[in-house]
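Below, chain A partners chain B and then partners chain C, in two separate complexes.
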Partner chain A sequence: MSNFRKTIISNAEKQFLIKNLRESTRLDGRAFNTIRDLKIEFGKDWGCCNVSLGKTKVLAQVTCDLQEPKSNRPSEGTLNINLELNPMADPSFEAGRQSDLSAQLNRLLEKCLKDSKAIDLESLCIQMKKRVWSLRIDLNVLNHDGNILDCASIAALAALSHFRRPDVTSDGVEFKIHSIEERDPIPIVVYHYPVYITYAIFSGGDFLVVDPTLLEEGVAEAFLSIGLNSYDELCGLHLGGKAQLSTNVILEITNKATKHACGIINLIKKGVELDTKKKLSAKETGFHKGNLKETNDSLSKLSISLDHWTTTKTSKKKKKSLKLNTVEEINNDCRMECDDINQPNHEVIRDLGVQTTELVHKGTKGEWIIIDSDSEEGANPNSSQNDIIFVETSKVETIKVQGSDSEEENVIIVCESNQEKNVSKSPKKKKAT
Partner chain B sequence: MASSEFPQLKCELGVLSKSDGSAALAEGESVMLASVCGPIEVKLQKLLTDKTSVECCYRSKAAEGIQDRFRETILKNICETALMASLHPRSSILVNLQEMQNGGQLLSCAVNAACLACLNAGVDMKFTFAAVSCFLNKFEEFSFVPPINENEVKALFVLVFNSTTGSIIASHTEGSFTTEQFQHGLKLCREQSQFVFKFFKESVINFDKDIE
Partner chain C sequence: MTNSITVVDYFLPGEEITDIKSKERQTIIGPGLQRDKNKPNSLVVTQAGRLHFRAPNTYWIENRKTRYVPKRGDLVVGIITKKSGDVLKVDIGSAELANLSTLAFEGATKKMKPEVEIGDIVYAKLLNAYKDMEPELVCVDQYYKAGPLGVLTNDGFLINVNLKLVYFLLNVSNPLLGTLTKKFPYEIVIGLNGKVWMKANKAKDILTMCRVFEASENHSEKSISDTCRGQK
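Then we have the complex of A and B:
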C-alpha cells in the first residue's frame, strides 16, 4: 500500500540529475545554495497565512481557546502543532491518516518552535492551575513540490507572529473573553524566530543542495535540516537518510544556512508588520483582496505554449509575440478583446492578467432589498472603488510593483531579492570543496 | 427598496502543480481552493466495477468538525451526478477542497470552486453546476451578500443548478421560512446562476487564451 498513487522516479531521471549536479547545475537553474522564491500572503483573520516556497504551498491558521493547564506546568499555556498531509498536496497522501512523514514533520516542527522556547508560554497563563490559553497551529499542505518542512516552519512562524488572541478578564470565578470589537486583541510574545533550512545530500556527501524540489528529494540519499534563528543560534538539527558527513562539512553548511535563515526571518517580520499596520488602520485585507494571480515567469509560459504547439497560422502569430517576451502586450490584446465582447453586457469581466479573471457587476436589480442600507451603502462604493484602482495597477505592473509598498496593495507579496547574488558564487565554492 | 449586489467573483485556474486541475475562487469574502485529480488508481474497498468512485475531501482552516464531513457529502453527491462516472470504471476521481477564508457563503463557494477545478482538470462532465447562496434576514428581506451581523440571518438557501436544463441538483437550507419565501428565493437564485455560469465560461476561455 505504500506505493499507492506514488509517482515513480525513473533511473534515467536519477542519472540525469546526478550528472547535472556533477556539472554544478540544477534542473531548475538554481545554484546549489539558492532557495526558491518565497511568498507570504496573509488572510483576513488574525494568524492566517499562505506561504509558497516555489511551488510548495502551505496554509497556516492559529486558533486559541481556554483550557486547564497541565499539572506539571501549572503556569504555562500550551502550544500544539498539527500538520496535515491531504490528498490535495499529493494524491498519494491519505486524508486523516497519520503517516511516517507527517509524524516526522510534526515532531521536527515541535522541536523547532516549542522545544527551543520561541513562544512565551507563561504569558498565556490567565490564572495558575485554573485557566491558560491553548494555542493550536493548523498547517495544511496545499501543494507538494518538495521541502515541506521549510515551508511549513515558515508558515507556522509567520502565522504565530501575526496572530492576536482576544483579551480576557476574570472576576475570580468566571472568565470573560472579550470579542475583537470590544477590546483590542493582544499579540503573542515571540522571543526568537526559528526556521528550518533543509539540504539534500547526494552521492555520499559530495553534493549538498539547499531547498530540494520533489524530484531532488526523490533522488537524494540523505537530508540535513537545520533549525536556526536570527541570532545564529541552533534550534534543531536533523540528519535523515544514509550519508557520512564530517563535522567540518556540517559546520560549514550551518554557516551557509544562517544567511538564508536571516533573510527569511526578515521577510516574515516585514510581512507581518505591513499586514498588521493595514489591519489596524481598518483597511480591508485578506485573500479575496489579492489579485488571485500567480507570478508566472516567461519560461513556464513558453513551456505551456510548447505543449500546444501547432503549425497553423494563428498560433504562429502568438509564438512571435511570445518570443518578444512582452507579456504586457499579450495581456493588452486579450483585455481589449474582452472589453469589446463585454461592453454591452450587464456586467464586466475583467482580465487581471495571466489565468485570472474578475466579474464586476454593474447593473443593479430593483427587486432585492438590502439590510442595513446605510452602513452597507457607505461601505460598498469604497470597497469597489478600491478594487478598481487595484486592478488598474495590476494591469501595468510586473512583479517588482507587487513588492513595493503601494497603498492600494492588499496582499503582501514578498519576493526574495538577495538570492541572485549567490548564484555566481556558489558553484565555484563547490569546486573548491 | 435598496439594491442588492451579488458578491464579486474572482478566480484563478491551475494554481497547483500536483493536481490535474485546480481553481482558487473568491466569492465575496469567502475564498476556496479546489483541486481535482483523476481518473486515478482506486483503493480496493472503494472500487466500483461499473463507474468511477468520486472521493471528496473537504478541509477547513482550523480544527475539523462534523460540518466538514457534512459539506463533503453534499459535494460528493453533486460531483457524482455531474461527472460522467460511467466512462472510467475501476478508477477514482479525487475532489479536494480547502477553505482559505470564511466570508459567510462557504458552501456555495466550495461548489463553484469544485466545478471550476473539474473544468480545469478536463474530466468529462454531463453538465456544469453553479451554486448560489441567498440569505433571508429577520426583516424578511432577501440578499446575496451575508449580513454583517450573523444573528440577523433568519434562513439561508444554497441552491445548485444544472447548466443545461436549469433544474436544481442540490438544495441546502438552514433556518425557518415559508414555502412562498423558498419559491421566491429559488427564483432569485436561478436568475443569478446564469451570471455564475457566464463567469465560468469567461474564466475558462481566458485561461485557454493565456496558454495558447
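Then we have the complex of A and C:
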C-alpha cells in the first residue's frame, strides 16, 4: 500500500510527522488509538449507502440479478465485490485500469466478507443448479484521505445489511419475481458483521497508529489490517510493508481493535435499523434529505485554534501515549490494569489453593502479553531480521494466495474458534484460484 | 480602492449576467468570465463561484479551487520529485511537473551544484508558463541573487490550502497572520500555487497554524477578520 502514491511527500512533512509521533501527537490532534469521525448515510434505494471516515468517502451500492450458479456450488448464490478507484478520489489513480492497490483492496474485502462466511449465500438459491441470486457490491471511492480499506469495508457491510432483494415465488416450473410494490422485499441474511481496522506502523513498530490519514499512510512503513466482527473473532489479518512486530504487539493491537470494531458495528446496525424503519413507514429517505449543515461551527473552531494557549493545553492532556518501545511504561500500565481486574479473582483463587497462576492467565484474556515481556522485548531487536510474523503456530493457518502479485505480503488467517473449518477451506480456495 | 467590493451571487458555468452596472459602458472582466459576442451587454460565466464586483467597472469570479494553473512571474512552493542531470523536476501542483535547472540557484556553476535532495522543498519563481510547455522555474532574480528564493529547510512543515485563502494571506492587510504573530514567532512561505511552508520554534505552534488555515479555508474574509478582532 505504501508505494502506490505518485505524488512525493516532502522530507519536511516526513520529519515533522515522525517528530510529532515521538511527542505522541498526531497532526490532526487525535490520540494514537482514535479513529476519525464515522458517518453512515443511506440513499433512497435499498442497499445504497455513503460512508465517510474523516475526509475519506466511499459510496456503496448493492444490486442483484438472477444467474446460473457455479457448477461446484449449485445451491449457493454469488457475491461479487467491485471496488473502483477513480481519479476523482485522488489524481494519482488511473481510470479504468486495475492497479495493484485496487486488486489488493478487492481481495481483502472479499476475504473479509465472503471467506469469513458473513453472508448466507444458500438463502439466495431459488432452484438448485438452475437459478440463484447474484449479489454485486459496487464501491466507489469518492475522496481519498487515507484508509480506503476500513471505509470500504464499512460501506460494503452497511450496504449489504441494508439491501433487500425482491421476493420470488415458484410453482415448480416457473418463477415469478415480485416487484417491490407487490410484495415486501426480503433482507439478506447476515450471520456476523466483519469490518477492517487498519493500523499504520512507523519506525519499525515503535509507533502504531489507527486509521491513518493520507499523509500518515505515505510516511508509514507498514500496515496491519485486522478484520474483526462483533464477537471478537478474527475474519482476516493482513500485514503489508516491512515491519518487525513481535507477536505480543499484534495480539495487543487486536485487543484494542476489537473495541473499535464493536463501536463501528453498532453504528452500522443502528443506522440500518433507523433507515429501514423510516423506509417501511413510507417516509421519504435519501441523501437529499440529509441536513446540510452550515459552516458556523467551524468559525468557532477558527477562534478556538487562534486562541493558541488554551487549545494546546487541553488537547495535550487528552493525548495518551502509546509508545510501545518503552517497556517500563507499559509494564506499569498493565500491572495497574491487571490489578484492577484481578483483585477479586486473586482472593477467590487463593481460597481454592493450588492453581492460582494458571487461572489468572485465563481470566485476563489479553493482558498477559506484557507481564513477562522484559525478556521478550529485549530479544526483539536481535531477532529483527525476519519480516514474517508467526502468531502461535497452533492457531495459525498460512494460506498462500496464488493470485496476488506482491511478493512481500503474507496472508495469515487466524482462526481461534473453529480450526477445522479453515483447514477444509484452504484446498477449495486453491482450486478457485 | 478595496473599499467597495461587493459579492453578488453564486453562479454556475454557462449562466449569463445581464445587469452590468459598469459606468461609461466599459467593463473589466477577471477570471471566470467571458464576453458574449452576440449579446453586447452581457457576460457568460465559465467557472463556478461567487461573482465579485468592484466599483466602478470590474467583475470577476472567486471560487475555492485548489488546482493551480501556472502563470509567469508567480512565486510558488514546490517539492523536488526527480533529479536528472542538470534539471530538477518540481511538483508545483500543476498538471505537469515544472523544470528547475541546477544552474538557476545563486552562485551555482557546472561544478558547484547546489545541495538539493529529492523531497526537498523549494521556493521559486516561474520564469515562463505556456500551455503547451512544461513550466520553468528559477531560484534567482534578474541580478542572479537569491533573495528569499531557494531551498527551504526540512524542519518546517508543508500544507496545501485553497487558492482563495492564498490570495487572502498574501494581502498585506489581512489580520490572520498578524494575530498569529502576537501568539508566537514563526516563518511562513506562501506559494501562489496553494502550498504553504511554515516553521516555528515548537511543533505545536506549527500545528496551531495548520488548524487555523484549515478552519479559515471555508470562510469569507469578513468573518475571518471579525474573529481575529475578537482575539485582541
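The rule is simple: the second predicted complex is superposed on the first by the 286 of 433 C-alpha atoms of A that agree within 3 Å, B and C clash if a C-alpha of one lies under 4 Å from a C-alpha of the other, contacts with A are read in each partner's own complex, and residues count from 1 in each chain.
Basically, a residue touches a chain if its C-beta (ideal position, glycine included) is under 8 Å from a C-beta of that chain, and two chains touch if they have at least 3 such contacts.
For clarity, every value in this text was computed on a predicted model and none was experimentally measured.
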Practice task
Using the superposition on chain A described above, determine whether A:Glu181 touches chain B (first), chain C (second), both, or neither.
Solution key: neither
Practice task
Please determine whether it is chain B or chain C that touches the greater number of chain A residues.
Solution key: B
Practice task
Determine, under the contact definition given at the top, whether A:Gln15 touches first (chain B), second (chain C), both, or neither.
Solution key: second
Problem - First (chain B), second (chain C), both or neither touched by A:Asp171 - result: neither
Practice task
Considering only the touch criterion stated at the top, classify A:Asn140 as touching first (chain B), second (chain C), both, or neither.
Solution key: first
Problem - Contacts of A:Lys44 with chain B and chain C, given as first, second, both or neither - result: first
Practice task
Considering only the touch criterion stated at the top, classify A:Glu23 as touching first (chain B), second (chain C), both, or neither.
Solution key: second
Exercise for the section: Return the residues of chain A at which the contacts from chain B and from chain C coincide. Expected result: 305, 307-308
Problem - Sites on chain B touched by chain A in the complex - result: 1-6, 8-19, 24, 26, 28-31, 33, 35, 37, 40-41, 43, 55, 57, 59, 61-63, 94, 96, 98, 100-103, 137, 139, 141-145, 147-148, 152, 188, 195, 198-199, 202-203, 206-207, 209-212
Exercise for the section: Note which residues of chain A are touching chain B in the complex, please. Expected result: 4-5, 43-45, 48, 50, 55, 57, 59, 61, 63, 84, 86-91, 95, 136, 138, 140, 142-145, 286-288, 291-294, 304-305, 307-308, 315, 318, 334, 338, 346-347, 349, 351-352, 354-361, 364-373, 375-377, 380, 384, 387
Handout entry: Touching residues on chain A, where the partner in the complex is chain C
Key = 7-16, 19-20, 23, 25, 27, 29, 295, 298-299, 301-303, 305-309, 311-312, 316
Problem - chain C to chain A touching residues, read off their complex - result: 79-81, 91, 117-121, 152-158, 179-180, 183-184, 197, 203-208, 210-212, 215-216, 218-219, 223-224, 227-228, 230-231
